[in-house]
Amino acid sequence: MRFEPRDPEYERRVRESFARQRVMETIGARLLSVEPGLVEIGLGFREELTQQHGYLHAGIIAAVVDSACGYAALSLAPAGSDVLSIEFKLNLLSPAAGRSFVARARVVRAGRNVSVCAGDLYVLQDEAGAPEKLVATMLGTMLTAAA
Amino acid sequence: MRFEPRDPEYERRVRESFARQRVMETIGARLLSVEPGLVEIGLGFREELTQQHGYLHAGIIAAVVDSACGYAALSLAPAGSDVLSIEFKLNLLSPAAGRSFVARARVVRAGRNVSVCAGDLYVLQDEAGAPEKLVATMLGTMLTAAA
Amino acid sequence: MRFEPRDPEYERRVRESFARQRVMETIGARLLSVEPGLVEIGLGFREELTQQHGYLHAGIIAAVVDSACGYAALSLAPAGSDVLSIEFKLNLLSPAAGRSFVARARVVRAGRNVSVCAGDLYVLQDEAGAPEKLVATMLGTMLTAAA
Amino acid sequence: MRFEPRDPEYERRVRESFARQRVMETIGARLLSVEPGLVEIGLGFREELTQQHGYLHAGIIAAVVDSACGYAALSLAPAGSDVLSIEFKLNLLSPAAGRSFVARARVVRAGRNVSVCAGDLYVLQDEAGAPEKLVATMLGTMLTAAA
């Protein structure tokens, strides 16, 4: 599905909001790409973000996939509005083991007030050439409101 | 509902696993209490954990409530087993603004393999005496497996 | 938590809307009680509502618990508004076996536009005196809009 | 993603189980197609399945999408096993208005015990030629167990 942005400055707006998310800097997440209704965030593995088995904690996965979902929705919102997460569901599919991860989110339905987004976390190809693998998948609901 | 733990060492086991969750130390979360089927985790506000409006990011909320849910399930699991999150849904109810938060999780159904837990994040009473407020609520599914 | 209804005619409004839900009549569901933020719907077992093992199908469980959640939200909405489900998550905890069921829903957060509700389905005490049992639990999000 | 069925009789097994779901006959749902990891169920509009505005009730949507998800998982399960829904989340995206609907479900992760499925409900092209439209989307978790 292709979306038309309602604000031509959508990318700048998403990048500025991302830069204000202090937690993204804290965990080392980077905003990789912003297209209308599609956002990618990259994250490298860090031991200080792990759960008891040494994999990325589900909350860290939720942080990057939720931010990607929210910014996918924001990329389609009119100028002067902001997006907040109402709720999300995250399914954890395989251990978040690896060196490098990417969260990819897309808008499933863009509403005036309520948008629905889907996002996935993949572990990227490792040095030995193992292909990308799906780690987790999210379905979430975002609220667009006047900023 | 009251639960009987199957492992008398349940509290030690939960505390040891929590201590291995590096991300809990990173964000400053502390394990406050462990009872059969009930776990509380405390978290103080930190600017480096915030989203674009200066509130705790949803992923950080998810981290502490998911860990509380997982450890509530682990407190009822037999010795030698471990608990992994299959999935969770988190509803964000009000801004995570305040100085001090507590995640409270309880087991709703304790199964041999699959357990269901509910968890809430509250902001605690502030210095001006404002009462506790519910910030977010989670419903999640945990898998118990041999460690 | 206790709620104050904004429309003194809340019960009449809920009952009229329930009466228009043709599917409730089709499956034999009855509106048992309406209080501010709390709604109960009863359902008797019927073989024509079952899944492959002879228990109530998850979709039928979802139907009554979702309606109970929506009407719990509607009981707190201002006059002239309507409530629609944005989304819900349903966990199935034990087989929906038995003769008689009740869905109990409560508002967790009552917002101007977005409300969050929790609902449960119980199987009622049977003739042999077995106590109530929790069959399923739902966490859902409702949208209040002008009718 | 393509899956290899572990039971060559997967289609027969799915069709036999579907035929035992009495509720599918009650609401008029038909099993349209069964491929490894992919299942489609068709549903025609009926007034007796509607909510207060005359659209299909969310519980009926849940019924067909959940069954499609469960049978997508069953199509990949070994012979002699059965699939039960642990939980699902359903987002309602647009009113279920129209004459004819199809639920399409696919397996996202096929595990030995736990599978994750995604399903959508579409309203089909109407007589005036309006294209298909997405009505609802589900993300659910299924348990495979010995029958």
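The letters A, B, C and D name the chains in turn, as written, and every chain counts its residues from 1.
Simple rule for what comes next: a residue touches a chain if its C-beta (ideal position, glycine included) is under 8 Å from a C-beta of that chain, and two chains touch if they have at least 3 such contacts.
The model shown is predicted, which means the values in this text are computed figures rather than measured ones.
Chain pairs C-D and B-D differ in how many C-beta pairs are in contact, and the one with more is C-D.
Interface repeat of B-C: among A-D, A-C or A-B, over half of the contact pairs recur, by residue number, only in A-D. A rotation of 180 degrees, rounded to a multiple of 5, brings the CA atoms of chain A into register with those of chain D. Here the spacing of chain A and chain D, counted between their Cα centres, is 28 Å. In terms of their C-alpha centroids, the spacing between chain C and chain D amounts to 23 Å.
Averaging Cα coordinates per chain places chain B and chain D 33 Å apart.
In chain A, the positions touching at least two other chains are 86-87, 89, 91, 116, 141. The touch graph of these protein chains is complete, with an edge between every pair of chains.
Against chain D, in their complex, chain C makes its touches with residues 17-18, 20-23, 25-26, 47-52, 57-64, 66-67, 82, 84-92.
For chain C in complex with chain A, the residues that touch the partner chain are 86-87, 89, 113-114, 116, 141, 143. Residues of chain D touching chain A in their complex: 89, 91, 93-94, 108-109, 116, 118, 134, 137, 139, 141.
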